[in-house]
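Data first, discussion second: the structure below is written as structure tokens.
Think of it as A, B, C, D and E in the order they're written, each chain with its own count starting at 1.
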């Protein structure tokens, strides 16, 4: 199945990534000669690159799995899924960001950085070598620091700082972990590691596994390296928050999946348990912390932490069951669609920070509310949305992998998550402003809070929200089609 | 003295660097000083990578490449660190991590 | 297996190791950022020395050169921006020292215990005649993609750093339509058009 | 294909409603009625074409109007729907009740377009649940009913509607997740790894692992018990009912509760026969406790809607008694067990009609006086004789008077269950006495005596006053602060209006028809029940 | 002829339903229609009785006997004739008696439904059919008793009648289950073959059902309440229908009762004791209808006694005879009530003299009730007693017979007395001072039957009856017995009249005794014990038995209340209590919050919320703390990874 190949003949296998890179470089060059108000050209170019990359990725899925560049780059189902989801996600997110960055002097650079970050995310997923993982980590991190602070206001730069420092810390941990694994095996390629690691010293392995997973978990926003998620999400602009909580996570979860499935599969350590604990902690902490949030962005941020918990369930059983692969493919796509939708709802009314603000601003737009309801209930896992199908697959896989207790934990967590989503849904649906919430946190009182002000609802985020709602349902109903396309079935 | 003991000595030095680096990263208030702490940890990684190549797997280039990659990571993070520091200094005239705590909860 | 390092080399390695750690400690002990920078440089140079002893000439040189430049930049950066340039106003800027010390010491202890209790594998294979050549072949061969990705990452770093660090861009210099024939810079520079 | 149309026709209509913001309220409700009526006609056609007892009526023997599409191939979940003797009556019940609710809501003043869309959405969810032959599909529709009902209560309820809606959502959502966990257990326990009910029933999973089977049954039973609801998981019910709009209550009690009991017959019994046999006594005990608890608590209520809500607990208890008895293979012969099962299934339909009618009637109270408190009403037979007559018929039906459908159900449950569980049955029989007492008492309080209506409201008010007056209406019917004042007879209160009559009378008429000519339904039910009993006895 | 049987049941049922649906629009045609239909029913009943058809309609499936099967056998033949005949006469009376403006359609509709149900009851051959008819009869009696619902207490009386009889009906549900368990069939005929524990259960169920319906001890009190209904209803309910149904059922189920060994004896004793106790109650009444009601229960007691003793023929004869007697008396009482506006014995003084037509009929009926030879009940009662074995039972029976003479005498003494002109009239309603012709005709016809049905006890006729009833070989009373009972009756009657004249204080003492309040039976099995207690307090002084009953009633109520409260509070509060402390602090904010209803859910939610706040606490905004927490978390994970393998 997996054919090893190196040298020049492997280049076609990197076509989707090449297209992304081409889009980035081309976009930057185009931007150099583009007037400030006409940077939508770059947006079009970037979108085209993304769509082309996704198409190329989809076409590539029909080919058999292969490892290229001496095994450092794996082209298989997981890579394919991430390629398509990330590329399409960026194509959408570019337009989600458009209203807030249009005409900005750095608009071109923002789009290019988004593409580069996407490339990093794909590289994370496709990496078949620890060093490539580190490189991909860099590529998936650096552009995002800039994106978080693209507004360059106080909150944005604080977000950038925290993101950067946490990222640097996690990167260092990742390198320590890689070093430990190199010490244990002398090599960095996944297949070689899978062969060498089982005989190595458990202490060294524990350090290595933990370090590597910490780095990946940082990108995924999982406990205990999740601290950046709420702060960065709340500090940056909503479209960028959508980007930061969606794109890198996809690659990171795929990377974790690959790690657990390949090099960490035969270890004398209970890696699945470690991942299961990470999953439990993430979903529980995310849900609990979101429980009484009044800031919509922070609420969504914590919700993404909990979503990563569900995603990590399937990572935990990556090596144990055949059901894991399809489950990952389903949940990743579902998460991307739904999460982008939820953030789009916030991006539609960027000045609204609290639930009350949001309801005041958008409550009259019934269809907007309707789509938001679909997305939020989708995040809960209400059928027939995509996340439901994903959750079903994930639960089934986790149980089949011997982690029935994790399924119960996840089910309980799902109920808990219902609380805070409904705290947003109910007043929005009822169409009346909720009672003023006392003791608003200091975050909500920032410069961008304008409680109760009526404001325009932005068009393109609204359209994206509707599309996400429809997409969430369609993906749920058409799960079989998606699995067929992604070749995961 | 066996190679193993030498390896262990070298690695202990690396561990010392990592420990000191962690201490620095956790205890410093200035962004740049935090970065220094992290650099120090990476310094330990450099040492460990070199030791891994020399004592364990000299036949394979992987450990060497690891050192290169670690160096690049250092450079990149340093560059980003400076950029971030400039950005936050311009936005709110602070260079201390404790002074930017609007985002919490 | 006996090591192929000579006794002197071992002593040098140990000495450099102690120096690296000591310099590392010094980074956080000195009361000036500039001095801290140079202490860090010393630590790096000591490690470079150890790498040299390991027959990793290229890496040692690269480390030494890169770090020297980097630390120089850092020193300049400090003087340009920081509140306490060149240690003119000694002050401590630390928090949670106890906790940090516990974490640092704990990490060291755990690692040390691990290092001295682990069952280390024996060396596999022979050392290549030229370690630099080996590295070069790896970078241009098996690990080419790694370097490629790192290259893109560096590209991204340039872009991201620019976006974050500078507030002026082409539209400030050439106008929103890029129509200006001369850049509008606060301080004129560059080549005359 | 026909069944698919039946399932999604209401959803289509809902989509049309959502997509046309300019539509007037009347035409929205008109479309609603038309869609519901069309759906009912299609169900009627299916009934007409359905040949009970000829293979396509059993649980295994190939359902009628079957459709099977792959959905999630990796876990073998599909869009598998079909109709057999178990589901057809409930499909028909759903169609009838939703049409009745549509007609009843003809003058709904508050956002009628969204209201209609939500109900149509709910109808699709309910019909889909009953038609599902795949566990995941079942769960999908099952969960959607919760979502739809949440918005109905939260958006159109009165009193503390949002709180009640949240309780309802959370409670039933917990239940549904337990159900999902149970379904996954069935999937993983099955030989061929499938979610298909027919395949699972043909080859029951977990047959040789009693502990696992018991745990899975526990999860499924928990999920269904919350929905049904059975003691002690019923506490969401009274609040949800009290604060829901009349049509919402009717659907909630009439159809949604049946999802729980239907789940027992459709899933728990055929797919986990061993576990069901082993734990049937638990079902019986829970059923009997529900019967008595529901009856006694209902007796003590001072609020009409709460009382009706508690009688639902009572009535669902009979269902569980019958189904539990069906599992006690060793202690009763097959005839008796089948009779009990038939009775339990008959009860589902009967309760749907009668309680639906009762809740719609209680909506009359709210629309005229914004309270359900017994003490605020009296002597209603004088100004509103038609209302009184309808209420009396519904009450007698609900208390199990022969000639109405409830009797057929309860008689069979008792008769069939006695052999298996004599003591429990004798205790449960007391339930019908208490029910009789409480309903007659309610009739007496509401209909006779001096005519009393809540003061401070416009008793003859247009239904439009419903929303406007809500601000004045206190939160809890029991805590009404307005003073009850005597109004002169023959003035003030208006009797049932045309659309209300049109909604309620057919339900009662059907209850009478099913009470006098039970063969209409039994011809369909009996072969299916026989099949279920045989499957359980494996 | 099956059509005749079907029509016999369906014609009144459908017509009744139609009248009910039509409502007041049909008031004008309702009376004639009812008379016509019942008249046709008599003809149909005669046809059916002659042809003995059987019909079956599909109803329930699965098991044998699930269909609706009506069969006319000997017993049924007698009873359909009786029911139809009485129904016709009572309907005639009702049409004449109902005031102008009454809801005649509703009345006639329910009467017709009731008659249909009764006809179905006496012909039912399967348990579903029996139970259907049986309960519909109960429900229509509820509607008839509560006919004048807008007067206080009327519907409550109906409620009480229905609930009490339904309490008995539970027995029939159980019996059905037991029948299925015992025989695998729901056909009545198969039930006699049952044996073992299931048969005992079935017999017990049937017994309870019959006792409830027939107002036997301890269920008698509903009959008193039922007197709130219009007089035609009383005439109908307490003569040949409703209360008679229980007796009928026991007669039909006699083989089952006999098969168990204990059920028959129990039935006999309950019947005899009812005859005795309710006879005494009747003696103590001051209200004519109450007296008649109590006497009805007492007389049906003889039928139950007969069923228990195996004297089917005697029981049937007594049932028939009593029907005519009691219908006649109720018609008379109703006529007087309408004419004079009172049913108090005090007010009815000389009523028979004021309206001699009805008076004569009533006198004949009362004499028959007293058991005076050669009138009907004298002979039939003796035929029942002839079948009784055991001295004690016989003595009780004879005592009861004497009591019936006493209360009959009480009636006669009042109504035949010369009116003083000081009677309190129009006490209950404005009287019309007029007895219409149809009433007189009906009363007269009934009196003729009351007098003449004694022939059923004549040897030749009795044997024919036995043949019809398939009960050959049952004993007949000897001449001595006949003379003894006749003598006792006459003596008691005379004594009563004399004592009533000479020492009215005796009667008044009796009237103050608990017997006058039906011996407190009303408080048993009452759905509203509190109401019942209140009524008892108004009627008599507080007695010991009341206190017990009241206590029992309070307990029932309290149980219901407790259950309700436990439901509202207990389960929820158990959890709520745990978090009560924090709850108070958070009460203010919780109110504005979306909140969570149930205490249980609320408690958990609050705990979760606090956990949620705790989960947010690490998010301090201070980066170095993030670092420290990350390091600590990873350290923990490292330990986990190393320890758990």
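The rule we apply is simple: contacts are C-beta pairs under 8 Å (C-beta built on N, C-alpha and C of every residue); 3 or more make two chains touch, one makes a residue touch a chain.
It should be emphasised that the depicted structure is a prediction, and the values quoted were computed from it without experimental measurement.
Trainee: Going by the contact rule set out at the top, which chains touch both chain B and chain E?
Mentor: A, C
Trainee: Can you tell me the least number of steps between chain A and chain D, where a step is a move to a chain it touches?
Mentor: When the steps are counted carefully, the minimum from chain A to chain D is 1.
Trainee: If you apply the touch rule, which chains end up adjacent to both chain A and chain C?
Mentor: Looking at chain C and chain A together, the chains touching each of them are B, E.
Trainee: Whose C-alpha centre lies nearest the centre of all protein C-alpha atoms?
Mentor: Chain nearest the overall C-alpha centroid, as shown: D.
Trainee: With chain centres defined as mean CA positions, report which chain is farthest from chain E.
Mentor: When every chain centre is compared against chain E, the largest gap points to C.
Trainee: Most contacts: which chain pair?
Mentor: Result: the chain pair B-C has the most contacts.
Trainee: How big is the gap, in whole Å, between where the Cα atoms of chain A centre and where those of chain B centre?
Mentor: Whole-Å distance between the two chain centres: 26.
Trainee: In whole angstrom, how far does the Cα centroid of chain D sit from the Cα centroid of chain E?
Mentor: 34
Trainee: Any idea how many Å lie between the Cα centroids of chain C and chain E?
Mentor: Going by mean C-alpha positions, chain C sits 101 Å from chain E.
Trainee: Nearest whole angstrom, what separates the Cα centre of chain C from the Cα centre of chain D?
Mentor: That gives a centre separation of 71 Å.
Trainee: Please output the residue numbers of chain C that touch at least 2 other chains, ranges allowed.
Mentor: Only 95-96, 99-100, 103, 107, 111, 120-121, 124, 142-143, 146, 150, 153, 157, 160-162, 164, 167 qualify.
Trainee: So which stretches of chain A touch two or more other chains?
Mentor: Counting only residues that touch two or more other chains, chain A contributes 131, 135, 138, 142, 145-146, 149, 152, 160-162, 165, 169, 186, 203, 207, 230-231, 293, 419, 422, 426.
Trainee: Enumerate the residues of chain B that touch no fewer than two other chains.
Mentor: 11, 18, 21-22, 25-27, 29, 34, 51, 56-57, 60, 62, 65, 69, 72, 76, 80, 83-85, 87, 90, 97-98, 101-105 - these are the residues of chain B that touch more than one other chain.
Trainee: Could you list each pair of chains that touch, in label order?
Mentor: Contact pairs between chains: A-B, A-C, A-D, A-E, B-C, B-E, C-E, D-E.
Trainee: Could you pull out which chain D residues touch chain E in their complex?
Mentor: The contact residues of chain D facing chain E are 160, 162-164, 166-167, 170-171, 232, 235-236, 239, 293, 296-297, 299-301, 332-333, 335-336, 338-339, 342, 379, 381-382, 385, 396, 401-403, 407-408, 410-412, 414-419, 422, 425-426, 429-430, 432-433, 436-437, 440-441, 443-444, 447-449, 518-519, 522-523, 526, 529-530.
Trainee: Taking the touch rule as given, give the residues of chain C at its contact with chain E in the complex, in rising order.
Mentor: Per the stated touch rule, the residues are 95-96, 99-100, 103, 106-107, 110.
Trainee: What residues of chain B sit close enough to touch chain C in their complex?
Mentor: Its residues touching chain C are 1-4, 6-30, 32-33, 36-37, 39-40, 43, 46-47, 50-51, 53-62, 64-65, 67-69, 71-72, 74-76, 78-80, 82-87, 89-90, 95-96, 98.
Trainee: Applying the document's contact rule, which stretches of chain D touch chain A when the two form their complex?
Mentor: Those residues of chain D that touch chain A are 18, 21, 70-75, 77, 114, 136, 139-141, 143-144, 147, 151, 154-155, 162, 165-166, 169-170, 173-174, 177-178, 180-181, 184-185, 187-188.
Trainee: Can you check the complex and tell me which residues of chain C touch chain A?
Mentor: 111, 113-114, 117-121, 124, 141-147, 149-150, 152-153, 155-157, 159-164, 167, 169-172, 176-179
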